[in-house]
Each structure stands twice: as structure tokens, then as C-alpha cells.
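Residue numbering begins at 1 within each chain, and the chains themselves are lettered A, B and C in the order written.
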Amino acid sequence: MSRAAAVVGVGQTHHRSRRTDVSIPGLVREAALRALEDAGLGFADIDAVVLGKAPDLFEGVAMPDLFLADALGARGKPLLRVHTAGSVGGSTAIVAADHVRSGAFRRVLAVAWEKQSESNATWALTVGQPFSASLVVGAGGYFAPFIRAYIERAKAPGHVGWAVAAKDRRNALLNPYAHLRMPGITAEAVAASPMLWEPLRYLETCPSSDGACAIVLAAEEEARTAPGPPAWIRGAAVRSEPIAFAGRDAVDPRAGRDCAAAVYAQAGVDDPRRGIDAAEVYVPFSWYEPMWLENLGFAEPGQGWRLTDGGATALDGDTPWNPSGGVLSTNPVGASGMIRFAEAAQQVRGRAGDHQVEGARTALGHAYGAGSQFFAMWIVGSERP
Amino acid sequence: MPTDPPGPGPLVGAHTVAFPGGYTRSTGPVIGRFLTELRDGRLVGVRAASGRVLFPPTEYDPRDGSPVTGDFPEVGPAGTVQARCWVADPRPAHPFDRPFAWATVLLDGADTALLHALDMGEGAGTDPPRSLRAGLRVRPRLRPEAERTGAITDIACLRPEVTGVRDTGRLDYTVRADAALTRYLEAQTEGRILGSRARSGAVYVPPRDVDPADGTPVTGDVELPPTGTLTTFSVNHVPDPRAPQVPFVTGYVRLDGADVDLLALVSGVDPGRVRPGMRVRAEWLPPGERSRARPSIRWFVPEEGAEEQAGEAEGR
Amino acid sequence: MSAANPAHVAVVAYAADVHPGGTAAAEPALVHRAVTAVLGQAGIDRSDIGFTCSGSFDYLAGAPFSFVGALDSLGAWPPISESHVEMDAAWALYEAWLHLLGAEEGSGIALAYGFGKPTQGSLPDILARTLDPYYLAPLGVDADDLAALQARAAVDAGVCTEEAAGAAGAPPADGAAAVLLATEPAASRIARARGVRPAWITGLEHRIDMHSPACRDLARCASAEQAAAAAGVDKGPVHVAELHARHLHEEALLRAALGLGPETEVNPSGGPLAADPVMATGLVRIGEAARRVADGTADRAAAHAAQGPCLQHNLVAVLEAAPEGGPR
């Protein structure tokens, strides 16, 4: 039996398109200090720091862990920098949990961030090398063909994407840290927004945000004596598969299915729709909600859109997805995965504020990256495993 | 009103009022102290009887006319913009010959504001910059000491505080194509498409050294036909310099005989008529435009009617 | 901050594929050779690996997601449990080691690998992009300048000679390296099959210092001292030490930081001055030290990896043939 680890502190920044009021260290500290305050700790109480973010080309600072070490009180401590594309926020939390579960560390600070306004996401993600003729315009251009393939495969009606986009933005109105705030948002408004990458419309895509998220993880004894309720890690797993190979299903990737199966087995979840009270799932484009509902086993293949369409994933539905507003409302890429993991923890700590799912005891945090090929997930619970 | 004088057209004459040599103005104890300090590079206000700090200082509190004290506290240098207007088309008397703002600014430590010119930078155009708003933090730019005379224009202007720096660093690389990629691109200059066959029998295109599904080296190259089937696609409404027009279609093409898709542009068809399962065929760049530095397939077009277009391209 | 049972994990195989003059081969090909070689040495299949972690650096190639392509060379199907650090692969080994210590499930075998092609660009300029973007990077100071700054400080403090300080640094090489870690019973099984000894990791620690070289006493390497002390380098004789020194003055500073005396053979492999496959160089140090323990020419070895300006971030490993009390 592995050692226990729990989330005892959570902090995030107010996310915006441009946080020009802060430097990079200031942004990172805003989240880190909130998490430490939540945990009733200071930097001196932290044994190790784990930092995650997406490609360094976003800010043009290579290996920024080196210059951020001082800002995170890491001098004289171990500092690890994780990078697993879009799943990195989740991977970073899991690597921090590995620190605690190894028995070598009592309290670990995990921080993930992105300051997208320092450059341009499309540029940073598709800086082309010679000899290729990449025709992919940003992440939307990459994922849209797979979304189309899903819609055809599942015979899903077009309005489901609009409904997801409106639902997540409505949830974001209940989250004081969320980036997009669209009072009165409706599926009709989403449907009326400009077409970008057919079948994706403008309001069906995630924003580019500046933001950071931080989590304090603790070993069992430190978790029991923390000032706030701990979120116990019941299961954690990562899975990766190559981006292209003969027979690959990029719409319903096996790495996602396997990763989910691993965390469900660890957490003793037989049926995720019943066993998980709240899910924070990486949905950067509206249609990834029904796609991941199926990939994560909340619905049978081809049936995910029916759950969304029937309101099951709404905040008052039977299986709320992204009560925080999700990636569709807030997307500092490198931090987006950790925000999912942190929001899941806040749900089982009873600290999700206005977007709290009543009585949530078990929650899923999920992140994925690159060509739907890197997955990180954890299940947290209010009870020690 | 005087009546127009008789004759052809109105009679006009230039008239200037300017006191020769300029007026001599005595400044008194308060304004004089302020300008003297300013000439030395210090910004001082004066404390009113109420405790308020007036800047620029006057001998009286403008609020109630009460005399001020003899206390001249330093203020600023930073301050906050209150009212402001944008001057898109400056006049000769203006301190700038390019767009700028006038603003009232409350310097830190002062209770009354200063009106002065606000320089929003050389890049500012006729529309006011978005950052020009109440609350903008600014600082005065003083003229160099040798040029200061003891006048309010010793403050050349105000300008926004530094909130960002521009990093224009660049790195240069020399990237080498590996052997498989070199073969692929060279074959394309001859109008051939190379793939590779894995031990499992799967055919990869472009060719690779190793089968990603099992990590074993591939058995060798195979040549693939320029025809295939569109598996899925997106109609792209975001402009891209590499695409012929907006909207354009990017799609995954499964070449006949291949086991993985090739990401490609699809052209020669109304985007609204593109369907998964559509048969497509590569359209090559004309031989003169091909280079081994990049793929020579321009895009894929529907198989029906593709030959004529391809023929045109070849013959150009 | 010491692991409950660090002697649980051993280095059981190591291989590298290094091209000092650079190569046209793509990163996945380099990784494939190194990984295929360690699997061959250990006589195991890729499906026997329970956890994989790699180290690489996007800026070496000037494009994002270098690790995504490398995954293609592993045969990562069915999907694998895998992670990546944007650091020298010695830190990938560290993450894999932590994972094995806390693992609830899995085969007890982990793969760490690192790769890079630094010959495609100017390494001093690329490393300059790691500097503080407000106060250091805009100055135009590069990694070689900062190394010279530290060399001068080392000379002034009598830590190294003028000749050592003025010597040329390591020329970067393209390459990849891979290391297999294992817990018992896999560790002993693999070592027996290879006819070698497991190189037990009895200490593995890393520490980072303040970033700006202007904040530090450059004549010593405080974070290497801290890592060495925590890893327990001084708890026994060190027969062999592999140090991640890209300059001779760095070797002198690190000898002092690790407390190595004349009895310790330093960089018998030639060290980074002989071959510097950037992003794998630190992992190579661990691999080379472990090789000496494995083949019986050393009973206790130290390995060191560094990154950041003027040795800002240091990792120290202690490898032993049979730790006190023996492996569990």
C-alpha cells in the first residue's frame, strides 16, 4: 500500500487575457502565496517545489524554473520542472504527489502557469521547423477534424457543442477567478458567433489566458493537522501514446481510456457516473465534453452527447462536469490542467464557493495534451483511502 | 459691426500682439520656490493650512483662499491620470508634432492635480491608445538639467510608467533533415510519394525509421500512389498565408495503400461540398517550383476533374 | 528530506549514443538507439517497463514539443505511464526514482532517457535564454561569459589555477542516453543475467540556488554542497566520481563541493569535456558511475549533474555495490 498524500492548500490567480499588472514571478507568486495561505504555511515549511508549464516559447524564457526558483522560495531545495504539453498542469500535480508518496518529502508545493500575453499561442505552438509544411492553424485547426469525425461517428446534433459552451460559461459566472465572464450567455449566442474551424465556432473555443495555479500537497500526518479539510488522493495516473500510428483512434484515444481505468481501479470507482460527484475535465473545445464523456466511461461510445443534451453535466445535473467553468472559460495553457486538479480538490474540501457541488465527496481532475496523446488524471476524496 | 470697405473683396491685414522681449513675471515666494526646485530637478508642493498638499503650489488654498504654510513637501514623481484628452492632430504650439494627450495628473503625495502633456509613445496613432484611461500611472520627464530654466515646461511631458519590456531576442539554427525525410522530400521533387513498411506490414507516410506502435525498425521504403481518401477534415475560416483563400479545407488523406493519414490542404472544390470518404488526388507544384526543402504536393483535389488541373500545373 | 528506503532502487543498465561532430539523425533515432541498447543489455522487453521519464529542451531545436516526437521511437503502445522534464535527463531519472519509491503498482522497472541536438544552434546563446528576462537576458551576457565570471572568482579564491580557468569548455555533441532503474526482485534478476552487480542508489538529492550569479559566492557551489551532504557522499570512500563539469574550473569547484580528495578518480570516462550530449550529459554521469560499480571496478561512486548559470542547480547521486545492510 502506497503512502497517503493529500491536497491541503489551493490557490489560483485571477485569470485574464493580459495580466499586465504583474511580472512572471508576480503571477506565479500570486497563486503560490494563496495556496500557502490556504494551507497555513510559508515557503519555509515547503520541502520541494514542482513547477509545470507548456512550451517555453510562450514567454521566450527557456527553463524558467531557473529564474523563478527565488520567487518560489526554492533556494536550497529540490525544484523540478515538468513539461508534458497540455496535460502538464495535471502531470505536475501528480509528480508532486509522487514526491510525497515516495516518503522523502512531507510538504510539496506544485505550481503551474502560463503568461500567454507575452507572445501569441498560435505562434508558440506551431513554430515550424524547416522541411515541413504545417497547415495547422492553432489548436482549433488541429482538433476540428477529429471533432467532425466524432460528430459523424456519434450522429450527434450540432447544437450539443453550443450547449456545452453556454453551460461552462454560465458556471464561470459563479467562479471569481474565471477569465471569461459572459452574463446571459446562451446556446443561441454561441451559435451566432463566427465560424472559425468548421464545425467549431468562436464561442466554442477556449480563450488564451494569463494565469497560475498552485497546490500544496502533504503527507498523512501533515494533512491531518492542516487547518483546512484535506483532499485525499485516491488515485493518480498518467498515460501516453504516439501521435500517429497505424490503427490509432485519435477521437477516442486508448491512452485516455487506460488512464481512466487505472485511476478508477485505484480509487475503487466502478461506475464513474455514479461514483464521481464532480468532474473537472479538460474541455478546450465544446465537443470535447461528449467526446471525453465516452472516453472516460461516463457514457457508452456514441452516447456522450445525449448526457450533455439532457443536462446531466450541468451544475445541477446528476454528473456535473466543469462546475468552475472549465478550460472553455479559463485557459492559461500550462496551468489549465492543474486548475482542473485543484478545482476537483476544492469540491471535495467543500471549498468551491458558489460553484460547489452539494455534498461532493469524490471528484475527478483530468488533463490531456498534444495530439490527444498525453493524459493525466487524479481522483480526490474527502475520506482518507 | 463695421461695414465692409468698398472695393474688390474684403480688405484684411495681419495683426500680432506680442510684448517685445516678453513679459517679465515675478513669481513670488511660492511659485518661485516651486520653479527653483523644479530647475534643480525636484518636484515640491506646498502644504495648505488644512494639511492638503497643493501641486503645483499656490500661495493660497484654491478651495477656500486660506494662506498656505511654509512647508514644501516633495511629491511624486509618479502620479495617476484623472482627466485626459487625445490630440490626434497637433497644432504648432503643441509640445509634440505627433499624437499625444493632455491629462490632469495627481502626483503621489499631492491633493491637487497638474495639467500637462502626456506622451504615449512614438507608436501612438490617431486613435487614443487603449491604455490611456483614468488611473494610468505616469511620471514626469524633466528636460536635461542644462536646458532647465525654471519654468513649468522644465517638465517636458509626462509618460506612462514602465509596465513591460520588449524582448526582441532571436536564435538562429541550422536544422539537418534526417535520411528518411531527405528521401521523402527528394522523391517528391520527382513527383513520387515515399512511405515505409513496418514489420507489422503497416505502411507509414512520410517514411520513418521506427514503427511508433512497437518500436521496431521499419523494413524499407515503399512508393505510394498520389491518390487516396479523405478521412476527416475541417473548413478553416482563419486566414493563413500558406492557404489559397479563406475559407480553406485542411484534411487527413489516407493514401491508397497507406495505414496512416497525411495532413494536407484540400482545394479545387467548394468547401461546402467536401465530404469524408471523398476520393482525392495530389496536385503537384510545377517542376520549376519544387524544392527538396519542402513538400512538393501543393494540395489534394477531388479525383474527378483533377487530371485537367494537374495537367495544367505540369505544363506551366 | 531523505527517502524512507532509498536503497530500494538500482541502476541496472545504461547506454548512450553520442555524436561529437553532430549528426543528421533525428532525435527519435538517437533515442531509439540508446533505448534499444539498454533493453538489449538488460534482456527485457519494452513492455516490462512500468514507468518512463525523459529529459529534453525545446530551445535546443528551436521548436516546441521535442519530447512528443521522441515518444515515437519507444513503441509506446499499448499506452505507457510516462512523464517528461524540461531538464537534463538526470532529473528525469530522479522523477523515475521517486515514482519507483512510491509506486503502488507496476513492474518495478523504470526507464529514464535524455536527448538533444545542440549542434544545430549556438549553445551559449540558447542557454542565455534561460536567464532572468528582466535584468540579465537583455544585457546580452551568454553562458560562456558567465562561466568565465565564475572561473575568475574561482581563481581569485585559490580554488583553481589560471590555466584551468582559461581552458576551453566542452564542445556540445548531439546524442541520447538511457538508464534502466529497478527495484527488487527485478534489479538482482537483471544484474545476474548480465553478469554484473546492481548499482544501488543509496543517495539521490538535488538542490537549486538563487538564480543571479550576482547573488551568489561564485567561488563555491552551495547547492552542490547541500545536495552532496544530503546524499551522504561523505559517508564512505568515493572511488569514482563523474562530475557534470563543462569547464575545468567547474570540476575544481565541484570537487570541493562534494568533498572529494585525491583518492577519488574524477571523470574516468573523460567527462563532459570529452563528450557533452546536452540534456543527456548529466544522465551519462550517473550511467558511467553506475557502470563502474556494476563491473566491479568501484564499490562506491558519486555522480553529479548540473544546470543553470554558474552551476545554479545541482544533483548528486551515490551508487554502491551493496549498501550497508544490503538492499531489501
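Details
One rule holds for everything that comes next: a residue touches a chain if its C-beta (ideal position, glycine included) is under 8 Å from a C-beta of that chain, and two chains touch if they have at least 3 such contacts.
This structure is a prediction, so every number in the text was calculated from the model and none was measured.
Ranked by separation of Cα centres from chain B, the top chain is C.
Compared on C-beta pairs in contact, A-C and B-C come out with A-C as the pair having more. Spacing of chain A relative to chain B, judged by their CA centroids, is 30 angstrom.
Distance from the chain A centre to the chain C centre is 31 Å, each centre being the mean of its Cα atoms. Centre-to-centre separation between chain B and chain C, using Cα means, comes to 42 Å. Multi-chain contact residues of chain C (touching two or more other chains): 59, 61-62, 71-72, 74, 76-77, 126, 129, 133-134, 137. Annotation for chain B: residues 167, 169, 175, 177, 181, 211-213 touch two or more other chains. Those residues of chain A in touch with two or more other chains are numbered 60, 129, 242-243, 245. Across the complex, chain A is touched by residues 1-6, 57-59, 61-65, 67-68, 71-72, 74, 76-87, 91, 94-95, 97-99, 101-105, 126-127, 129-134, 136-137, 205-211, 215, 222-223, 226, 307-309, 312-313 of chain C. By the touch criterion given at the top, residues 22-26, 28-29, 32, 35-36, 46, 59, 61-62, 71-77, 120-122, 125-126, 129, 133-134, 137-138 of chain C touch chain B in their complex. In the complex of the two chains, the chain A residues touching chain C come out as 1-3, 23-24, 47-48, 54-57, 59-70, 74-85, 91, 94-95, 98-105, 124-125, 127-129, 237-243, 245, 253-255, 258-259, 266, 370-371, 373-375. Only residues 163-164, 167, 169, 175, 177, 181, 185, 198, 200, 202-204, 211-213, 231-238, 240, 242-243, 247, 250-252, 259-261, 263-265, 271, 276, 293-295 of chain B touch chain A when the two sit together in their complex. Note for the complex: chain A touches chain B at residues 20-21, 60, 129-138, 140-141, 144-149, 152, 194-200, 242-248.
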